[in-house]
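Following this message is one structure expressed as structure tokens.
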């Protein structure tokens, strides 16, 4: 896939290319928004999360997982290599039987460009956690369809929007965008006005969708 | 020339008490055909308007209000629109069959009226196998539906046609059984001979002093009920409108039709509704007989009942005049108000004409027949406003597992009870 | 849990056999079809009328809401969320505003919370009314549609009076409400409740004991509680399968914990139970609104929110019980005025996945009934 897809430069709105930590030429409303400094001085920070479950997981996986709490919500950053196992354990042993959502975030500046996030919920425990892992562009993740059937479309959407592949997915193809579309729109290097003009011209018979 | 006039006048002889077809008078048969055709066209237009209005009022809305006073001209405007629309034939369709299918539907629906008795003499002809002819011809319309569905070369019409054919085949049987049990009742006379003639069936009801719906209570009623259900299925109307189930098959067998050809299907459907209702009226509701012809048969009652047609029209006219008074007084509505007034005046005129004894005696048979059929049409509309749609297998279930055994049982019981009555 | 392989796609590469040479028939239902509730396209593989399998093709209404969110400020994105589930715009707004408030670590004042609950529950009523009307229409009963729309109009009038819009209301702001309630708001809501209660009975009279309705909905589109959970199905569909789970109770948001209401559940997980559950939910909503109106406190309607909304770096997932199920917002902030990433977890999208499981082995007419009973809104499926 094209790493450096140039967004159409003319009339591109501000904030089109947003790197991870700083925002050049922020919105017109706040032109002086200086990066890296959150507005509030006392910004809450993620704190370590401790629970019996975490203790158990820590025992088996050690430093592979980093459990955190932010705003009362629990999540853990899991090493990429541990993902299949951790998800398995969460599903089968810790009763996280409902896969709420699978999504991703793109940080083009990082070496491991993508955060992939599983939002999980447990009906028996009434608890919601997020599992997060970092993955490189082009690297694929194991599909979690065997664990949660709901993952089917969610993974397809992540693939459609970010181009992250899931191994073992029975039908990994675009879901919201048409087949044959080029580019992954929710990546940060994909401009908001950008589109696959070739596809539009061939399939819709118009010069451009704009 | 003189012979011709003689020929025409010969039928007007008061001694001739048969239908023009039976009298062999081609001229009057032709006149009757024309009258029936015109009458049906008017009835379909009226049905269209009434269905929209009644359904609308059931659904807390007004229905057509713009074209003409209270939307009276809406069906005509729609007919014009449909006639002016492009007549599309899809590229993949079998164009001849596609072109021809609607005509079969319309022909089948109209042909039924050859034997429908609007009065003792008011039928185009009276066949001795009238009811067989009716059932046979009316079930031909499925052929048109299947042809339409097949010729469209498209999936939805095909499924619609398949549904339609399966549905008609299964309901025809239940319908036939119900009809047979009514026909059995005609044979309950001194000679023990029944009749298949439509006029004969009504005459039998008159002779026995009982509409067949009340005969051998509740056997006649059950048979009538079976027929009433089957006839809705037969005409593909809600809740049995699977063949054109809008929410499932877009429009079913006529998905690919447009304009004039589509309107033929529409015409066929409504005519078929009137046709099967006529069968039901003839078989169970005493055809053209006025209520209580035997019980209240003094001349006073005769005169009183002969006023009913005129009174009905006057009543309709009164409704029109009431609405004229209620019309907004704005100049914008002047033409509509005048139109409604004129419509009311026309109805009132017809009503007054119907009070003339010479006319009322000749016409009241037709009036009673039409009134009964109109009741059925209202039922049709009512069903449509009330019921969800059956599913295909449930429809089959109802046809084969409920109505068919019920029909058989009623038939056997009717035969048994009839035998007992003849013996005693 | 359904066999994952059974969810595999249809084998569409085989040449389309026509009806002349095969028993199998592939029908393309939609995207223009009267009963697919928008631009859903369902490819059905049929044996006669029996559904062997189906595949949903979605995305015809994809507008890139999530991408737009990354390019708008937090406040600017607020009206956009209304356009997802456009029949329950208020719920969308509630979820979004609460998510951002969580990120900002602020809370709307009590009066605002109450008004939010009132409007959201009214919105649940409109959504269920629309569902009922269209669902009945799909099954062939045309009349309930007009009844529900007549009554829905009264709610929309309240919305219009409150915020000037009927459908895409943009009723809430981050931190509370922009508008104080108009004078007579409470009276009108109460009048509406008094007007609406008998109307629910009226709908039920038309359908609940109707023989054809029962035959068309009982045992149709059955889905077990296990399948529901595995497929991530939420909302009334999950509850009709017997899982007593409602986010308003499980993880209370807004101030739902202050109100007394029940979670109606079904037993069989069929279309009829879903109908019953939604009807009961309407009654419960009426109950909640009544309590909220009665206890409407005085006070400010807006929390102290900075003029420029710049949440600290961090991420938050917040979900609410929208009329159709769990509506979640996952927002990543990079400390700037625009969200770094907004992810919407739409209930319709996830629920729609269950269509295949629910329809296999049933008839074409049932597919329509099941699409209706899933209560999807394509604006939300495609976003």
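Going by the order they are written in, the chains are A, B and C; count residues from 1 in each one.
The rule is short, and it goes like this: a contact is a pair of C-beta atoms (placed from the backbone, for glycine too) under 8 Å apart; a residue touches a chain by one contact, two chains touch by 3 or more.
Small disclaimer: the values here were computed from a predicted structure and weren't measured.
Of all the chains shown, the one with its CA centroid nearest the global CA centroid is C.
Counting C-beta pairs in contact, the chain pair with the highest total is A-C. The mean-CA centres of chain A and chain C are about 24 angstrom from one another, to the nearest whole unit. Inter-chain centre distance (chain B to chain C, centres taken as mean C-alpha positions): 46 Å. Chain A and chain B, compared by their mean Cα positions, are separated by 66 Å.
In chain A, no position touches at least two other chains. Within the complex, the chain A residues that touch chain C are 13, 15-16, 18, 20-21, 23, 26-27, 29-30, 33, 35-40, 43-44, 46, 70-71, 73, 75, 97-101, 103, 105-106, 117, 119, 123, 126, 128, 130, 145-146, 148-150, 152-154, 157, 161, 170-171, 174-178, 185-186, 190, 192.
Interface residues of chain C, counted against chain A in their complex, comprise 1-2, 4-5, 7-9, 58-59, 62, 64, 66-68, 70-71, 73, 102-103, 105, 227, 229-233, 243, 245, 250-251, 306, 308, 310-317, 319, 326, 328, 330, 332, 334-338, 340-341, 343, 345, 349-350, 352-353, 382-383. Interface of chain C with chain B (complex): residues 19, 25, 27-28, 33-35, 49, 136-143, 145-147, 150, 206-207, 210, 212-213, 215-216, 363-366, 368. The touching residues of chain B, counted against chain C in their complex, run 55, 58-61, 155-156, 158-159, 163, 238-239, 241-242, 245-250, 384-394.
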